[in-house]
Amino acid sequence: MIDKTLASCRDAVADIHDGATVMIGGFGTAGMPDELIDALIDHGARELTIVNNNAGNGDTGLAALIANRRVRKVVCSFPRQTDSHHFDAAYHAGEIELELVPQGNLAARIQAAGAGLGAIFTPTGFGTELAAGKETREIDGRQYVLEYPIRADFALVKAWQGDRWGNLVYRKTARNFGPIMAMAAATTIVQVSRVVELGALDPEHVVTPGIFVQRVVAIGEVH
Amino acid sequence: MATLLTRDRIAQRVARDIPEGAYVNLGIGLPTTVANYLPADKEIFLQSENGLLGMGPAPAPGEEDPELINAGKQPVTLLTGGCYFHHADSFAMMRGGHLDICVLGAFQVSAGGDLANWSTGAPGAIPAVGGAMDLAIGAKQVFVMMELLTRQGQSKLVEACTYPLTGIGCVSRVYSDHGVIDVGADGARAIELVDGLSIDDLRALTGLDIAAPTGASA
Amino acid sequence: MIDKTLASCRDAVADIHDGATVMIGGFGTAGMPDELIDALIDHGARELTIVNNNAGNGDTGLAALIANRRVRKVVCSFPRQTDSHHFDAAYHAGEIELELVPQGNLAARIQAAGAGLGAIFTPTGFGTELAAGKETREIDGRQYVLEYPIRADFALVKAWQGDRWGNLVYRKTARNFGPIMAMAAATTIVQVSRVVELGALDPEHVVTPGIFVQRVVAIGEVH
Amino acid sequence: MATLLTRDRIAQRVARDIPEGAYVNLGIGLPTTVANYLPADKEIFLQSENGLLGMGPAPAPGEEDPELINAGKQPVTLLTGGCYFHHADSFAMMRGGHLDICVLGAFQVSAGGDLANWSTGAPGAIPAVGGAMDLAIGAKQVFVMMELLTRQGQSKLVEACTYPLTGIGCVSRVYSDHGVIDVGADGARAIELVDGLSIDDLRALTGLDIAAPTGASA
């Protein structure tokens, strides 16, 4: 019998190594896997490269990871927010590297990694600073920038319900980057509000098929 | 003396150009207020980059759901008939040309339709782009909503953007406190001027050779 | 009020012009929009380029369209089947052009069109006849072929339920190419077993958001 | 005299190498029969390219659903815990390296792991490739299941494929009626030979310098 569920977030993140690239789901705090991140902080891995849409909000989740100086580099689209003080401080202190990626290119590059593409020509960012130095090409009269996949060693994702095979459904706009990050990481670790019996998720409604998920931890209903 | 439009009146004016059935993304900040003026008797589909289509108004106090937010991370609601999807599908809607209209704010717009709205290039500032570049090049029509002049009185409608670009030749129309101006490959053309403002006034304010509204005397 | 439903398949296909590129959903007969195709045959458009996984089975659907000599070219992955006699005859008579595309590249190129990408580097087909003459590139030690998006003027798709905004859900493996073709065509025309009230489809379960759909026709339960 | 394996015995042998929890795609034709020999007490996930994961056995007569089929377009069932998805996601599972094992038939396999299984290149034949090229290059391990010799007695394990290629260097192991042979960058190495077949016999049949099974005398 295959059972991908684990008893604790601590067990789930125990093999995340120093220097790992870790995708973290969420758009702002919606979909942010706080409990997994807390476990990652306790675990102690350092020099991480984090891929997330933002660079932390407030003092929890990704912000706490940064505040604890575990992050060497952030790949994101929108670091600067009213409550991104931990990132801001680390950035101004020169302690953290930033790769700024337009949000749609971030999504497309993550999806390309999950789908095994070698590179994509995207129109987003052409002619801007964020495409400086990148290969460009005109195709059918339109200008495109060549962008490469973003892969990760681990993805930390928050979903709503999951089963022991790793099938997932999400809740409202907490879905955001979860499904594509799950496809782009070698090891995808998911916190769910509830683990349900196999078969409880309608096969037509599964958003992330279990093949993309290696570990599932139930943390209880939190919203 | 010209009667300039308030921000709310600009939003109202933008709303008037959004037809029933349009798929629309309203950028964070000022453009979000356009939603307040969309006619209640027409069905217009608001998309939010973080994965929803059919976005409704803010929830009643106490009804907020931290997992139902808009691109500005404010609590919203979902209309009956709306739906959720992941980020790659959301940006496919933009990049694939499926959105009819996108409304954005701007630091500068050029007569040729270039947009600068993500960075002032100020040294030491932390850059942040979000979905601006995807929206700028993706929607069938990109409307910019802005006051024509900076607080220092400089025109934000320019010959060539001096701030870092968001997209090239992507803006089709500017809705400003001074009037409505089309931009693009053929240059700038005024569509409507507010009461008391002449095309020459607008040319003087912007320093641009803006074409007069069709039918008006130059 | 926006209502994308139409009374008949005939109305739904009335503007498909001679020479149009038409994507047709389905994998074999599962998901094949037979009723829309019958209406297209009655409508009479000729010189069509058809994008489908196959090239018709038996004597109905796409096979009937080919038998009626409406198809100039087929873009597909698997034309030759035990019951593809109408295509076989047209092909051997030199009456129909074939662009053979590996199935995953077909899916990826359709998805790239829907997502507005200019081109993709895919590993599939590298070093084979089907990549002959195409640009290739080594990226991170792996070989890739440059492939371009496949767009269409129209897509004919079979879904299970739809609403007046065009939101769709599918049934079992009839889903196949439907969701990605809906995204890649300028006009997507969908036949559904049943049109349901707005709100009847759970927002978490919608597979194709209405933005990708222009017309919906109910044809009744047929399976 | 060597005791060659029947097709069913080859399928049985392949099944023995598929561990619990593996995500597996069984190609159409002969590889499909491997499903008959997977142990009922182990959970193995069968993927079908047309959009299902957790594929179950053929339905009882009368229970067929024309909208629940496999890649060979035969009626199948879905296991509890299985799910459906669209074609782009299905091929992302292959191309993205998410499948552990893919089992394919072949016209020819080279000692270096090249695969030819989609076209004999016969003039006038209608070419058809389906998902073969995606499966060949996508799965972590590609197993080929075939009889070693053609009806004319020619080896299908070859120095270099003469039929049109499906993929380069993609096959890791060949399961044949004569035994199991690893192929790849280091060339061919026999893993198991059927009773009565020596490595020299195999070399003679194939004309290849196949390495002997580890531990065996060359």
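By written order: A, B, C and D. Residues from 1 in each chain.
Here is the rule we go by: a contact is a pair of C-beta atoms (placed from the backbone, for glycine too) under 8 Å apart; a residue touches a chain by one contact, two chains touch by 3 or more.
Note that this is a predicted model, so its numbers are computed, not measured.
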item: Chain pair with the higher count of C-beta pairs in contact (A-B, B-C); value: A-B
item: Euclidean distance of C-alpha centroids - subunit A vs subunit D, Å; value: 35
item: Subunit A-subunit B separation of Cα centroids, rounded to whole Å; value: 29
item: Computed distance of Cα centres, subunit C from subunit A, in Å; value: 32
item: In subunit A, residues with contacts to at least two other chains; value: 108, 115-117, 122-123, 170-172, 204, 207
item: Multi-partner residues of subunit B (at least 2 other chains); value: 78, 84-85, 88, 91, 94-95, 138
item: Touch-based graph of the chains, sorted into line, ring, star, complete or other; value: other
item: Every chain pair in contact, whichever chains are involved; value: A-B, A-C, A-D, B-C, C-D
item: Touching residues (chain side subunit B, partner subunit C) in the complex; value: 20-21, 23, 43, 45, 47, 53-54, 78, 80-85, 88-89, 91-99, 138
item: In the complex, subunit C residues that touch subunit A; value: 108, 112, 115-123, 137, 139-140, 142, 144, 148, 169-172, 202, 204-205, 207
item: Contacting residues of subunit C [partner subunit D, same complex]; value: 27-31, 53, 77-81, 84, 87-88, 91-92, 98, 100-105, 107-108, 110-111, 122-130, 143, 170-180, 207, 223
item: Subunit A partner contacts - residues on subunit B that touch it in the complex; value: 48-52, 65-69, 73, 78, 84-88, 90-91, 94-95, 119, 124-134, 137-138, 164-168
item: Contact footprint of subunit D on subunit A as seen in their complex; value: 1-2, 113-117, 163-165, 167, 183, 198-199, 201, 203-204, 206, 209-212
